[in-house]
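What follows is chain A paired twice: with chain B in the first complex and chain C in the second.
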Partner chain A sequence: MNGMFGQFRGTLFAALLALIFTIAAPSILEFFTIITLTQVIGLSILALSLALIWGYGGILCFGQTAFFGLGAYSYAIAAVNIGGSTGAMFIAVAVAAAFAAVLGYFAFYGKISDVYLAVITLTVSLIMYSLIRRTSGPEYKIGDALLGGFNGTGAPPLNVPGNAGAVLFPEHTFYVAMVALILLYVFCGWLVNTHFGRVCVSIRENEIRAELLGYDTRAYKLGIFTVGAAVAAIGGIFFCIGVTRVTPDVFSLGQASLTIIWVIVGGRGTLAGPVLAAFGLYYLTASLGTQQVVNTSLVLGIILIAFVLLAPRGVVPGIEKLATARRAGRRNRAKERRMRLRKPRGGISEDRHETG
Partner chain B sequence: MRRGEVVLETRSLSMHFGGVRAVDRVDFQLWENELRCLIGPNGAGKSTFFKCLTGQLVPTIGDVVIRDIHVAGREPHEVAGLGVGIKTQVPNVFDGLTTRENIWLSCRRWHGARRTDALTSETIERLQLGEFRSRQVGSLSHGQRQWVELGMVVAAQPWLVLLDEPAAGMTHEETDRTAELIREINEDAAMIVVEHDMNFIRRISKKVTLFHEGRILMEGTMDAISKDRRARDVYLGHRA
Partner chain C sequence: MDLTLSLILQIFYVIANLALISLGLAIIFGMMRVINLAHGEFLMLGGYTVVVATNNGVNLWFAMLVLAPVVVGAIGVVVERLLIRWLYGRMIDTLLATWGLSLFFIGIITTIFGASTSTTISPPLGVVSIGEYTSSGYEMLLIGITAGLLVAVYLVLKYTALGLVARGTMQNPDMAAALGVSTSRIYMITFGLGAAISGFAGGLLAPVTGVLPTIGAIYIAKAFITVISGGASILAGTASASILLGGINGVVTFLTGPTLGEVALLAAAIILLRFMPTGITGRLFRKSQ
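On to the complex of A and B.
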């Protein structure tokens, strides 16, 4: 379609930049920064998942963390039991996607309104938060894995597929996480430009119209919701691998609202924006955390309010808009110049018209 | 008019909102290739009747049969999936998408990618939407948005077309073109058109159904209806 390949080319370009960063990172960043990056990448994949389902699918899911946390816990538990990371990753994604499919089925086919869906998903995340917090004690275990209550449970590191003994070095784990982020970003960029993706966007714009064109909007919403949950689960996996633990905080209200802030700040309707916002705000809060002058939550709150009031479309769409406005301005000026040049000719043709 | 078979029929169709009987025991028939106009004063129940036909409302009582398929209570996408093109009274378009994308989405429901591209370009040309091709529909005028919506209906090549006030808010010239387009669509499709503009109706339709207080008051040619006393009282009198 017109213009769409242009958009996808932009996605590929951004992916290329990210790839260059990945290759260069070990030589420009400190080792410690590389280690922490893996968890931030996990968070940014969570941001990507909400960018997809809220920004493109129009589904306001306040509790995207439910799938993020479910992915993290499922990975940790499965990896301990299997004794390897590869199969555990697939299990974690499948668990989160299946859970989202069931939850989404009742929500979308039950025609629950957008606001209720937001509340329900958040509630689900918070229920998981308080349930998992109560699992301290040796009796709460799945197979060999202790759930660990509010202390959480250890998340095994990545290993070479098929060889559980060959654990990856932190910088290699960073590579894997970064490649996963890039692939998921390209995948989402591709998805929103497919027929399926365009229908999801049209449902965001006007659900009744999409329905009257003959699209079963419930099925499309369920589809993108489930895909989003799977992406969030992958985020959860890398997050817990980066932290080496998973605690109930992955389900917390703080994490859920932070996810929404990323998307609002980065901009709805873009994929790169929320991902960059996740990175940016992580390092902002990290640097604020080292000082005692201002409260971190207060700063985050101010940023959110500032964005809602001053740049309601978010950073990336704002920049895009500025860029297109400037381009349009240039085009108009060029047009004016051409018009001025053509004027004499216009006069001649008028003369002809009169005589003819 | 070829009187083949009945393509759309309602049987004792009723839609109640609390105590309001917006549609009240309506028996209606539309024949193959027919172009029927629905008229009636504001609040007569025309749009509610339409919504019952398209699955947007589940009728309180009665049934809707489209080509032998019972559709009352079905989802709108199922009705549309039968090959029914629908335009609602309130313009329903994808404001954040371009004209081209709007029409593309309608085509793509029925055709593969390549055929869709060709049909989309064809529709844009046919409706003279070329200059708005890449504009966001939300930035177009009311009349233009109505045209985009008509384009979406046409692009799907439906065999049954339901239009609720297609010419509302249009300029004279746009209205003329709409009448022309409706006659073109009618060459391949049976149609029901809700309208208020009498001259417009005279130009497009042979048979008119007059709604009043949720019921069919009378059916006939526009000339016959405009001569009828009852019709003048409930409708033409209102407008004057």
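On to the complex of A and C.
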């Protein structure tokens, strides 16, 4: 219990740092950066969702973008039809979670292997990509919302709940997105420390053993998969609000690869790592996009191969390991010093005993 | 009558197309139980080989039938030696490394040739007419080549020394190694062969689809689904999954248009895997190659 709270305290500490950043950001950053940040926050929530289901649930989902994109499209379509953002957000999350539950039912209750699951989820995302690209033309519409094919469809901005006319300013949207990221981060940190979360981790470590202990591993996997999809959908909502549009690219192979790279670089088994990697790599690819010498895909490919071959644990677990090794080293040295101090004293007392 | 014939031919073409783009992937999967996520890029490299060669005055048939498989096969061997062999036994890392490789190839080709290509090759052989309907002669040739390729792979696996050793390694790599087979060399050869067949397929499809650095993405979804629905046996798996999924895709495309064809293919595969989680050949035709 103590250890669990210790881990969760780390999560709360990181959340506090993020909160300070949120309050400080508008006064230190430029207005344009704040607008871009909203979409990066959406992407980092996507990273968080994969960190949860892959890093803790051990579910190899290569197509987390399917739920991200589904959330974004559902939000845009629902918001246009309802004429307000609040209800649309709930609908978007529900659609993505329901879709994940159905897909997960077939995958987990069929007991398909990791590799198959990875490939199936990726394929789902890619087929959604080609499906939604073909929906240009006035006949493809849901309610009042045109799907728009290749060009995508407009995503309405956030408004004050209950008042569709009161649209939020970009700074306020940034606040809402950042608070959502922090809350989701704390939620995921809490979830992995609950009984449910720990069973999921045990399934990641050894599924057969968890099953033999009496847990229905299929249900647990389906549960965390669905929660992950809901989180990804929230990421999709903020991403499309940040961009003000949603295009088929949310489902693309490039987006799917980026999501995997965030988690690999940030590290499996942490929540903060992939989130930070999403921010870091966004600025890396944005700065690579402005020059013509090195291709972005090339750099990302090299990063992915290098991490798999050389640092399969990722950056944050690597640092954590280093830190614990140093702490252990310091503890050992301190212990040695204590031993050295105690030894002569012990020797003296023994001498006395013998002489006495 | 003509309509039926034309429709049957169309469905045959969809099936052959699936088998053609999946066979190279199936060979690598059957051997190593790993999905090569750079498969689409092997197809893409085959296409580029053909386009570059024909632009430099090489005969189209020679470029498609000889050059594309040789070049991509060589790339496959290099990739296996430099990257894949460090990752045997680490299945998930192999998936991720091949994904990195896929991005790497897309990046390299974009850097060299640009994001789009100016030249395209038109499919040779013109059109064939069936009553009042017409069909492309090249599509019919592709059906024939795919059938020939499947037969060739069968003969190699069944009747050559290499095929015997490869089958042995597939069944039980430790036992094969104990009997003196260099499994590392077998893996290298099969990876190279899988890459060569992928390059061959990419080269053959280049006149139909054109080439782009990112064209791999349009093939891989279908190829992955076909291979995992087929299961571990290379030939029976590819053939049975291609016939089933290609048939469904063809019929749905005929009835509702291409938009839903792929969705039907995917839905059929997901439902199939619910009942046969190791693919068709995990349950049926287990003794097949």
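Keep this in mind: the second predicted complex is superposed on the first by the 342 of 356 C-alpha atoms of A that agree within 3 Å, B and C clash if a C-alpha of one lies under 4 Å from a C-alpha of the other, contacts with A are read in each partner's own complex, and residues count from 1 in each chain.
Criterion: a contact is a pair of C-beta atoms (placed from the backbone, for glycine too) under 8 Å apart; a residue touches a chain by one contact, two chains touch by 3 or more.
All values reported here derive from a predicted model rather than from experimental measurement.
Enquirer: Which term applies to chain B and chain C once both are placed on chain A by superposition, clash or fit?
Expert: In the arrangement built by aligning on chain A, the partners chain C and chain B fit side by side.
Enquirer: Return, as a multiple of 10 degrees, the angle whose vertex is the Cα centre of chain A and whose sides reach the Cα centres of chain B and chain C.
Expert: In the superposed model, the angle at chain A is 80 degrees.
Enquirer: One more residue to check, A:Tyr109. First (chain B), second (chain C), both or neither?
Expert: In the superposition, A:Tyr109 touches chain C alone.
Enquirer: Once the structures are superposed on A, label A:Leu304 by its partner contacts, choosing first (chain B), second (chain C), both or neither.
Expert: second
Enquirer: Now for A:Arg9: first (chain B), second (chain C), both, or neither, which partner does it touch?
Expert: Touch partners of A:Arg9: none, neither chain B nor chain C.
Enquirer: Is A:Thr123 contacted by the first partner chain B, the second partner chain C, both or neither?
Expert: It touches chain C, and chain B stays clear.
Enquirer: Going by the contact rule stated at the top, is it chain B or chain C that touches a larger number of residues on chain A?
Expert: On the superposition, C touches more of the residues of chain A.
Enquirer: Is A:Lys321 touching anything from chain B or chain C once the two structures are fitted on A? First, second, both or neither.
Expert: In the superposed model, A:Lys321 contacts neither chain B nor chain C.
Enquirer: Now for A:His172: first (chain B), second (chain C), both, or neither, which partner does it touch?
Expert: In the superposition, A:His172 contacts neither chain B nor chain C.
Enquirer: Can you give the closest approach of chain B to chain C, taken over C-alpha atoms and in whole Å, for the superposition?
Expert: 11
Enquirer: Chain A residues touched by both chain B and chain C?
Expert: none
Enquirer: Please output the residues of chain A touching chain C within their complex, sorted ascending.
Expert: It comes out as residues 60, 62, 103, 106-107, 109-116, 118-120, 122-124, 126-127, 130-131, 134-135, 252-253, 257, 260, 264, 294-305, 308-309, 312.
Enquirer: Per the contact definition, I'd like the list of chain B residues that touch chain A in the complex.
Expert: Touch list, chain B to chain A: 54, 56, 75-77, 80-81, 86, 88, 92-98, 100-101, 104-106, 108-110, 113, 117, 133-134, 152, 156.
Enquirer: Can you tell me which positions in chain C touch chain A when the two form their complex?
Expert: Residues of chain C touching chain A: 33-35, 83, 86-87, 91-93, 95-97, 99-108, 110-111, 214, 217-218, 220-221, 224-225, 228, 258-259, 262-263, 266, 269-271, 273-275, 277-278.
Enquirer: Under the definition above, what is the set of chain A residues touching chain B in their complex?
Expert: Chain A residues touching chain B: 1-3, 195, 198-199, 201-202, 204-206, 208-217.
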